[in-house]
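Handing you a structure now.
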Amino acid sequence: MPESVIAIGDALPYLLEGSLVTLIVVVGAMVLGLVLGVPLAAAQVYGPPVLRRLIGLYVWFFRGIPLLVFLFLFYFGLCTALDVNLSAFTVAIIVLGLISSAYQSQIFRGAILSLPEGQFKAARALGMSDLKAICFIVLPQALRLSIPGWSNEYSIILKDSAVTYALGVAEIMARAHFVATRTYQQLPLYLAAGVIFLILTYAGTKGLRLLEEKVRIPGYSPQGF
Amino acid sequence: MEEWLYIQTEVYPALMKGFWVSLQLILPSSILGLFIGIMIGVLRVYGSRPAMAAANTYVALFRGVPLVVQLFIWYFGLPYIKIYLSPFIAAVLGFSLCSGAYHSEYVRGALLSIRRGQMLAAQSLGFTKVQMIFSIILPQAIRRALPGCGNEIIYLIKYSSLAYMITCIELTGQGKILASNSFKYTEIFLIIGACYLAMTSVASLVLNRVEDRLRLPGFEHHRI
Amino acid sequence: MPTPILRIENVSKRYGKKDVLKGVSLTVNKGDLKILIGPSGAGKSTLLQCINFLVKPDEGRIWLDGQEVHYAHKRDLYAYRQKVGMIFQDFNLFDHLNALENVRIGMVKVRGMGNPEAKERAVMELERVGLREHMYKYPAQLSGGQKQRVSIARALAMDPKVMLLDEPTSALDPELIGEVHSVIRDLGNNGMTMIMATHQIGFASSLANEIIFMEDGRILERGTPEMIFCHAENARTREFCSKITELYGETR
């Protein structure tokens, strides 16, 4: 057993560097997903019927196909076909972000729909335009309600990011595999990778719970969440 | 013409082969996963203290570690302690254990949502604890857990593509081989994507149908 | 010589096959307090929401200060809504903002006022409704009566010319009704023009200069409180008034 301990010890700095790569991919994807997901959700709730249909199609498309297939399609397929030179790292963020935007849009949509209709009405009665009402009244509430769903999304993207190893992104899993095949200490290294992921999952979820606590509206506990 | 011939002689047979392997992965894994999920879910609510703790640890571990890592452990890791699994078996094992952990979350939530009165009534009729769980509580809880579990099965369909990474050549794997040989990455992966879209869409339709079929009048539950 | 401030002509609204409003006309003079009474489903709430175009009327025209409101022009509509304050039955305070911010947000985001100025005004309005010491509380930490008073302050901060009050006390526990009524009474004494739907006829008769009885989407009868409550001509009005007196007559 000491051999395996030594192998893990030697590989640890290398693996931790990988977790930095993992975290950058995850944060990048979540931000992209948020930036796309919020307008998608607002448009799906308040937009004209044609737009709603289109967004429904977008969500269906990105939720119905495996991540691995998207990664291959974008990296080996579209990047070559469109003649754009993107690194595996960039493609990983874009693909994870696009998929996440579909999921995040549904989180926000649910949150928007759960707000009482009166909030919107009262904003209108003050003379706010629909856009203002959405930006200042609906979204600040909906985003708070979305944090639990969001923290779930974080742990999903974190775990999915391990799949980007298939493109050669130098994240935790890729590095663990690299060391494992050279030192023949497969099991210990994969377990070590698993432990790092566990720590990242729980640290992130904990962080988001603190955020939720921090932005909680005093005395407010919405039904159904 | 040449294109068409290529599709007929190369693409179609390869994808069909891959599709069958995918189905052979998905069906047993989803059934086994659901079974594990129900058992673990019951243990987490009604189990003895140690059983509860063990079940909770299992769930925390399998939900906290990426499926890829789990698959690598089963396939590339276990030989380290002299256990050798075929890629197929390792994949089914990995899928079932992982999705079981997720299913158990929904089952647990559903079990906790059943009103206490149901249990009191069962106990007053002289049901044993096991009888009560399996004939009164679970039939109600399953209905409540169904939307979540259904989602989980759809996830499983998509995650079955990861079997490729432990050399179990299913739909995605066949696509990768075809694409590498022909350099038609975009076309091939669009077709593969369409196959998965079809599978996930059919599955969600069937699951909604099942949900409707099992719906009881006045027994509220929410579709996610 | 009374000056008409709000004129409503022939407002109609139908939902599917049901006519909710069947051509209602109404003129409100400056300083008037008009009370809408009538059974639920009579169209009082729809009428008030139509006046503010929160519900788009199918037919009808509305003038404020002699100017017709073209609600299809968004800019006109938003400007008009600022001048018409709305108080809801269920308060509709913005749940993510505290009392002060609730009052302030309209001034900042809609009227484009600067933050310090808006804050000063918000504090003043909250003081007017007697809630200065509660201004940092969130809606969920306020009682129903306090919430409704914040919502009145929120509307007042926009300097409305007319206030529409849609059963402002019907979601309140009886012991909280008084505090809201006294705020409304102050408003009336200061010359605010108001249209209010309510079942509190005791309060209504003490303050209103006209009672309007609605039923089935129409105005059936209108007149001074004394006329409507004591000498109504229409049998339906009499029936309704006697029922409602039994229920709410005592409350002032």
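Remarks
Lettered A, B and C in written order, each chain numbered from 1.
In this text, a residue touches a chain if its C-beta (ideal position, glycine included) is under 8 Å from a C-beta of that chain, and two chains touch if they have at least 3 such contacts.
The shown structure was predicted, so the numbers you read here are calculated from the model rather than taken from an experiment.
Chain centroids computed from C-alpha atoms place A closest to the centre of all protein C-alpha atoms shown. Seen from the Cα centre of subunit A, the chain whose own Cα centre is farthest off is C. The interface carrying the most C-beta pairs in contact is the one between chains A-B. Taking the mean of the C-alpha atoms as each chain's centre, subunit A and subunit C sit 46 Å apart. Centroid to centroid, with C-alpha atoms defining each point, subunit B and subunit C lie 56 Å apart. Between subunit A and subunit B the centroid-to-centroid distance comes to 21 Å (mean Cα coordinates, whole Å). Those residues of subunit B whose C-beta lies close enough to touch subunit A in the complex are 60-61, 63-70, 72-73, 76-81, 158-162, 164-165, 172, 175-176, 179, 185-190, 192-193, 196-197, 200-201. Residues of subunit A that touch subunit B in their complex: 60-61, 63-70, 72-73, 76-78, 80-81, 155, 158-163, 165-166, 173, 176-177, 180, 185-188, 190-191, 193-194, 197-198, 201-202. Taken together, the subunit A residues at the contact with subunit C in this complex read 115-116, 118-119, 121-129, 132, 136-137, 140-141, 144, 217-222.
Taken together, the subunit C residues at the contact with subunit A in this complex read 52, 54, 74, 78-82, 84-86, 88, 90-96, 105-106, 109-110, 137-141, 151, 154-155, 158.
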